[in-house]
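Just so it is clear, A, B, C, D, E, F, G and H label the chains in written order, and each chain counts residues from 1 on its own.
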Amino acid sequence: MSPVEESTLRALLADVTAGRMSADDAVAALRRLPFADVGGALVDHHRALRQGMPEAVFGPGKSPEQCARIVTELLDHGSGPVLVTRVSVDQIKAIEAAVGTGHAEAGCLLFRAPAANRPGTVALVTAGTSDSAVADECALTLRAYGFSPTRISDVGVAGLHRLLANIDSVTGADAVVVIAGMEGALASVVGGLTAAPVVAVPTSVGYGTSFEGVTALLAMLSSCASGVTVVGIDNGFGAACAVARMLP
Amino acid sequence: MSPVEESTLRALLADVTAGRMSADDAVAALRRLPFADVGGALVDHHRALRQGMPEAVFGPGKSPEQCARIVTELLDHGSGPVLVTRVSVDQIKAIEAAVGTGHAEAGCLLFRAPAANRPGTVALVTAGTSDSAVADECALTLRAYGFSPTRISDVGVAGLHRLLANIDSVTGADAVVVIAGMEGALASVVGGLTAAPVVAVPTSVGYGTSFEGVTALLAMLSSCASGVTVVGIDNGFGAACAVARMLP
Amino acid sequence: MSPVEESTLRALLADVTAGRMSADDAVAALRRLPFADVGGALVDHHRALRQGMPEAVFGPGKSPEQCARIVTELLDHGSGPVLVTRVSVDQIKAIEAAVGTGHAEAGCLLFRAPAANRPGTVALVTAGTSDSAVADECALTLRAYGFSPTRISDVGVAGLHRLLANIDSVTGADAVVVIAGMEGALASVVGGLTAAPVVAVPTSVGYGTSFEGVTALLAMLSSCASGVTVVGIDNGFGAACAVARMLP
Amino acid sequence: MSPVEESTLRALLADVTAGRMSADDAVAALRRLPFADVGGALVDHHRALRQGMPEAVFGPGKSPEQCARIVTELLDHGSGPVLVTRVSVDQIKAIEAAVGTGHAEAGCLLFRAPAANRPGTVALVTAGTSDSAVADECALTLRAYGFSPTRISDVGVAGLHRLLANIDSVTGADAVVVIAGMEGALASVVGGLTAAPVVAVPTSVGYGTSFEGVTALLAMLSSCASGVTVVGIDNGFGAACAVARMLP
Amino acid sequence: MSPVEESTLRALLADVTAGRMSADDAVAALRRLPFADVGGALVDHHRALRQGMPEAVFGPGKSPEQCARIVTELLDHGSGPVLVTRVSVDQIKAIEAAVGTGHAEAGCLLFRAPAANRPGTVALVTAGTSDSAVADECALTLRAYGFSPTRISDVGVAGLHRLLANIDSVTGADAVVVIAGMEGALASVVGGLTAAPVVAVPTSVGYGTSFEGVTALLAMLSSCASGVTVVGIDNGFGAACAVARMLP
Amino acid sequence: MSPVEESTLRALLADVTAGRMSADDAVAALRRLPFADVGGALVDHHRALRQGMPEAVFGPGKSPEQCARIVTELLDHGSGPVLVTRVSVDQIKAIEAAVGTGHAEAGCLLFRAPAANRPGTVALVTAGTSDSAVADECALTLRAYGFSPTRISDVGVAGLHRLLANIDSVTGADAVVVIAGMEGALASVVGGLTAAPVVAVPTSVGYGTSFEGVTALLAMLSSCASGVTVVGIDNGFGAACAVARMLP
Amino acid sequence: MSPVEESTLRALLADVTAGRMSADDAVAALRRLPFADVGGALVDHHRALRQGMPEAVFGPGKSPEQCARIVTELLDHGSGPVLVTRVSVDQIKAIEAAVGTGHAEAGCLLFRAPAANRPGTVALVTAGTSDSAVADECALTLRAYGFSPTRISDVGVAGLHRLLANIDSVTGADAVVVIAGMEGALASVVGGLTAAPVVAVPTSVGYGTSFEGVTALLAMLSSCASGVTVVGIDNGFGAACAVARMLP
Amino acid sequence: MSPVEESTLRALLADVTAGRMSADDAVAALRRLPFADVGGALVDHHRALRQGMPEAVFGPGKSPEQCARIVTELLDHGSGPVLVTRVSVDQIKAIEAAVGTGHAEAGCLLFRAPAANRPGTVALVTAGTSDSAVADECALTLRAYGFSPTRISDVGVAGLHRLLANIDSVTGADAVVVIAGMEGALASVVGGLTAAPVVAVPTSVGYGTSFEGVTALLAMLSSCASGVTVVGIDNGFGAACAVARMLP
């Protein structure tokens, strides 16, 4: 129970004792506290951190109207960025009709993009040109969190010199996101080159035995580089969120 | 190329120019530089960080003699902790015969355990009593890195009050490792309660449809809590390494 | 053998004895009895229960004409509700051309919707907005059975307070259907909150490692909450039928 | 919030108002209430039902000492049955050394077996002799809940007359548990014969393409009999718990 | 080596001995014999049987032109039926332009349909209406082989009385083809009712956990009815060919 | 309804008409008829065929006592062969203690082995020496059915000449059982060489990507030779039963 | 380090020593050497071999503009063939607009096709007509490498005589590529017929249990013919590259 | 047909013509020729190559007696090396009792080890110490073929400098075998460093998500390095055979 809530409780008890509040009203107030408490604890604990943190809406499976309504509410009742991911053309149309034009990029729609005010440096490393879509989603989400990620593209391990030519950018970052399909080997190589956190994103890029990203996923989970962590297939958004949990 | 290496290069060139080094010797020295550079860049970059970092040896598939020889070398040529994971009784016997008694715990053998000098706080949350072995390996590895993890045990989501009773310890940690078998739902619940990094470890605990950890693995990768990252099944060691990459 | 059939048999025997029926005709009549008996036993046993129970037709793989013919027959030879699930626009057109307008909702077409006469209370809990389609099918099927289900939506476990804010509706129900995709953790959490029957429906909602519902399915089958039962992926209809078997 | 808890709250507030309790003590008491509330709500709601309900301990992965300690506590702080499932010989020895002799059967150890006081009738139908172990665990768990299940054994669908010869026992039951390995077809046939709840348990019986129960599991989940629900492979305990949720 | 070939060899040797054939020509003739022998052995051995046997062409992956050319050749160089399976509209058009109108049915195109001259009786049993397409392909192929299969449709095991009402047709057949999707249980039930050969065809009918026929396939392979054999998913053509191998 | 049952029915009706049987007794007798009918129909229909057919008991999962009791009953109440498959040493001991010495071979125990009186010829073709165990079980079961199978061993397709050297035995058989592990290609090659029924048995022989027989199973089900049918992995018994259904 | 590089280094050192190059410039030059070295070593080592070797671009996932830009660069900065695989109509349009007309065939676009100057003979064997697309890609890639592959088509193992009739072409080749879907048995048969390298390409041809090439893949990996190697599903391009590594 | 066989045929014809051989004997001789021809063609074609080539016997699934008999025959009827792989202690005992002491190493038993007379150079690269067993089998098989492989061990990609330090040995080899478990990334990195043939062997080394080699297998098949080929899991023997097909 956070200090804030404890003082709320004491004030409430004081009101009851002093007769300023009826027992009925106190019971009603307390009745909602447990749940507010659970959510509230989180908010309080990370308040400083969450200033300006994005609210995210996952587009697929929602009607354009639902999207518009949700975005309207989030913009009205908060002041931070609002990010809609994997948004369709129809959803964009409905949302922008309701709240005005947003920043459309990388299959996402972003409102109230924050300043690039997070100091942590993030390297976003992709194995091939075809991994761009996932990397774009990751980069935009990172920017929604206030980061300014560096992109290092097309450095698949079959041409090791391309990665080594960028080694300073990789080893100098506070966190590295590795995005790769096919056999996903890049995560292991990068994991061995840096002691910073490495978040690996398998992509569904490839054909045949790539099995829509499963091969890269399993390879990344079995990495011989200790301490590499993994998110779901094509989950560039999730990798950015993971980095936002790790860095100042 | 790090400043250190650049000055090495300049010194070498100066030696050649001044006639203090033959062209042959310079070529020989330069010849190894590219590779030393790759490794060296990493070491330099993280030197401050890696002071006292553990060297780890994975026991399975190595003969007792190989283990003894490797541990001897690591102890002789370094000053930090040395950790042998998933070590067998025979391997322990051979290692201790060679280098003296170590600290045996959690299926591991640890030499030169460091002081608990890392300031980051780590909560290690397990769903059931049967996940202990994986949690023990994770905890010992964290201690080998200089952390003092807090254990929160047996808080599976089917009895939510057990987790909620420990909510302060969970939300107060700088990083949380969630260790769970069966359906692995604990990672999602914890991921929603804290904004700190959450590393999820699926365990092979369970039977039937648990499929030796695959169910928990998939569930953790598909978590509805954004930014949870995952390591391989039963990989308590890997989760600890991931945390060590993230925290000061 | 039900009383009805026993009296039929006795009457038949009496007819033979009295010469009112030839042995040939008796043998012919008896010849079909065994099989009628098997079906008849079921009908008799649950006759009270099945008054008004819906006849269901699974749309996919049937031609519009087949659908129209089947629905016509069911309406002609029964008096209860008739429900066509996963019905296409063409099938609706053909059916309604044959038998008149039905109630189209949730991808289904319902005729002779019954009164809400079943006393059992059913809570229908979904993890996300995207699970709505499956929940809609489940709700309509429950209504076709005479239930009045309560919907509790968008209470995924990553925001636990949303579920806890609805805890009374969940714990007060006579049966709970939990509908969730992604990691399906909601079934375990709900299973721990109520002692009533919990039927879990994995949905194909999610992407990447959700594997079209397989992850949620496995997680629900491996639930740490004892006594949760599971139906097939996206099978909202089946979950409703399961509840109809359980409740008065 | 249940009436019981509301009166607790009012009493607490009255104590504070009357000066019988300090604000500090009231805050401390309230601080634990939210969580007690969550658990408590469940207990209250089903109190009548849960009288005499068994506490269950899953044996595997726990040391004999842990088992003994847990069973001791459960016996000391409750009055209902205590059931240890999948218990080993060593665990039995340690438990019985601590608390005296229990009833060992079906790989379980049961203390304080209740009277057979639950009125619901349960038919436990198995496809083959080799499914007995799972059926035994299910039957004992049902008895621990106060049921008196009827066993109908070895009625696999390849010899349909064996099942039909027992049709009255099957169709007359308030709930049916179907336990089958290999192709698991029995669940579909039974599901079509009764309108009562059918809980299907796939077993790992079989070889080759049975894939340790996966085939039966998938077949049961895909049953053409509407409303059959499924628990995990070999989970006789879980099926019994599911029935206990459904029947009075 | 068949008698025909032996006499060919002797004649050839006689020709060489008698100087009617040069050694060069004899070597050239013998050179091709081994391979002709392999194919020839088969043809000879089953000549009586193969009179009127269909030549089959699998449509998918072939251009309309290739189809037309192949069918033309088969019609020109043989006298039996020619069957094109899974044929597209374009392929039909090209074929019929080349060789005249065929008999189009069940996604196939049949030329020179034989008389129904095979004495074996074949029952073709399907579980649901949606299995019709596979059954149609099987039935047409059987007719192309000269059989007159009996169709028994929509007798899924959840309504056992429907199958039992047709029991005489099933048990009276010389071979039974069982076609079922979902959980495929029908194969086991039929396998237990007849001692004749049972060929099971899993279909991709169903959704969710049916996994496009894999569940039915595994269930049929694990059937508790001894001696049921299985062909690939949706392979109605293959089942007909299997029956043609078995029956006179 | 078979003639036998029809006459039973007529006799029963005659008894009632003549007053030799009360209506009560007639009803009781008729009540059991439906189920006896189902089983009886099968027996009658194939009576000629089933003379001397083996009763089979699957050993695994049964206690030695259960095995002994079952075998005793089968020997006492029948006159044909009794075959126990996959029988353990303990089971053999218990069975032979109860009923005397049987014929132990191929992991089976056979009593009352019949004369080799079935005229159909069966070729049993194996790919490698390691497939022998499955072939032995198949051969013994075939002998229990009265067949005299021919063994053609170690003719894997990587050495095609070995198979071709035995081509007459293969093409001359009335049915061929192909037993192969690894990639299971032998089934396709044999299927192309003969027009007789081919039953393919995948074995768990091999390592690595053989996946305990799954690879051979899938390959056999996907065979390019039309009309090859498949039984479960290592199911030599099942293949023999399948042949017994096909041949006179 | 290759001789070329060693002399470069010596020259550079000489320049520094002689004052012809400043230390700054030398450091700058050396700084890029390590990485150039890694790539350069490869180039040097195989320079003779790689004369005229194709540069390959994988089309999918790249925009037409990206394709055009990449091809332009490759044509400008090299003199060998440039091959774009799995190229779309739009990509072809963009590329040809930029660099002129190429040779479009087999879903590829080839520029500067080399003379057929590689002496190694390659047989390209396919099981069915439907495997043509993969074979075409393989053949064109081989031609881009300077080979003149021989095509042997439609020789699936169910008609062994077709393969045996082509045995001289198969056994006479310096390398054989076997392309087959369904059960992929052709690789094993060919592997047993030749001692030359055999590269097997599973194709996604087939349906049902072919599982889009997985069955053929597993079968080829489990081949009983020693020393057959495998590439990914439908990877005709990769097989050609493998052959180019093996042959002069 | 090879020249050798052609002359055999001509001689035979001459014998018949000259009356030195009866037509009966000639037919008998010719009767076996076709098959001998198939096998013989292979032998002849590669005779120069196969001089001294090893005969290999796969141990598992064969009795010690079978092994002894096979090895005896191979030694008696040939003059080249004989290699028994995955041989057990009992098999070694039986074989050596029959034919004398062989060379036991790497789980194999080798007789008549050839001189190291093959000129091709083979690099055998392993990712970790635990891959040694597979590498040992591969190395011994290569030696049985007359190669002298170079071992480069423990160069997993997480420590790239270890591989780069050995780059000359890797890029200088005529063929490279890459042996790796876990994520198998080494194959891609090596494939990018050399233009020589690369044969990748996935090993079952690793735990959790390594899935006994499946992860490494899939990763190697999906390698971004073109032209890498793959053999089955742990198949060191097969990789050596593949190399023997490729190199002089």
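By definition in this document, contacts are C-beta pairs under 8 Å (C-beta built on N, C-alpha and C of every residue); 3 or more make two chains touch, one makes a residue touch a chain.
Owing to the predicted nature of the structure, the values given are computational and were not obtained by experimental measurement.
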(request) State the pair with the higher C-beta contact count; candidates are C-F and A-H. (result) A-H
(request) Just send me the rotation angle from a CA overlay of chain B on chain G, rounded to the nearest 5 degrees. (result) 180
(message) Taking each chain's centre as the mean of its CA atoms, which one is most distant from chain E?
(response) B
(message) Need the CA-centroid distance for the pair chain B / chain E, whole Å please.
(response) 60
(message) So the centre of each chain is just the mean of its C-alpha atoms; given that, what is the distance between chain B and chain F in Å?
(response) 56
(request) Report the inter-chain centroid distance for chain D and chain F in whole angstrom, where each centroid is the mean of the CA atoms. (result) 39
(request) Note the residues in chain C that touch 2 or more other chains, in rising order. (result) 34-35, 38, 128, 159-160, 164, 193, 208-210, 217, 221-222, 226, 232
(request) Could you list each pair of chains that touch one another? (result) A-B, A-C, A-D, A-G, A-H, B-C, B-D, B-G, B-H, C-D, C-E, C-F, D-E, D-F, E-F, E-G, E-H, F-G, F-H, G-H
(message) Applying the document's contact rule, which stretches of chain E touch chain F when the two form their complex?
(response) 1, 38, 41-42, 45-46, 49-50, 56, 164, 167-168, 171-172, 192-199, 217, 221-222, 226-232, 237-238, 240-246
(message) Using the touch definition from the top, list the residues of chain A that touch chain H in their complex.
(response) 127-128, 156-160, 182-185, 187-189, 191-193, 206, 208-211, 214-216, 218-226
(request) Enumerate the contact residues on chain G facing chain E in the complex. (result) 128-130, 132, 159-161, 164-165, 205, 207-210
(message) List the residues on chain D that touch chain B in their complex, please.
(response) 32, 34-36, 38-39, 58, 60-62, 66, 202, 204, 213, 217, 232-235
(message) With touch defined as at the start, can you tell me which chain E residues reach chain H in the complex?
(response) 1, 6, 9-10, 13-14, 16-17, 19, 23, 26-27, 30-31, 33-35, 37-38
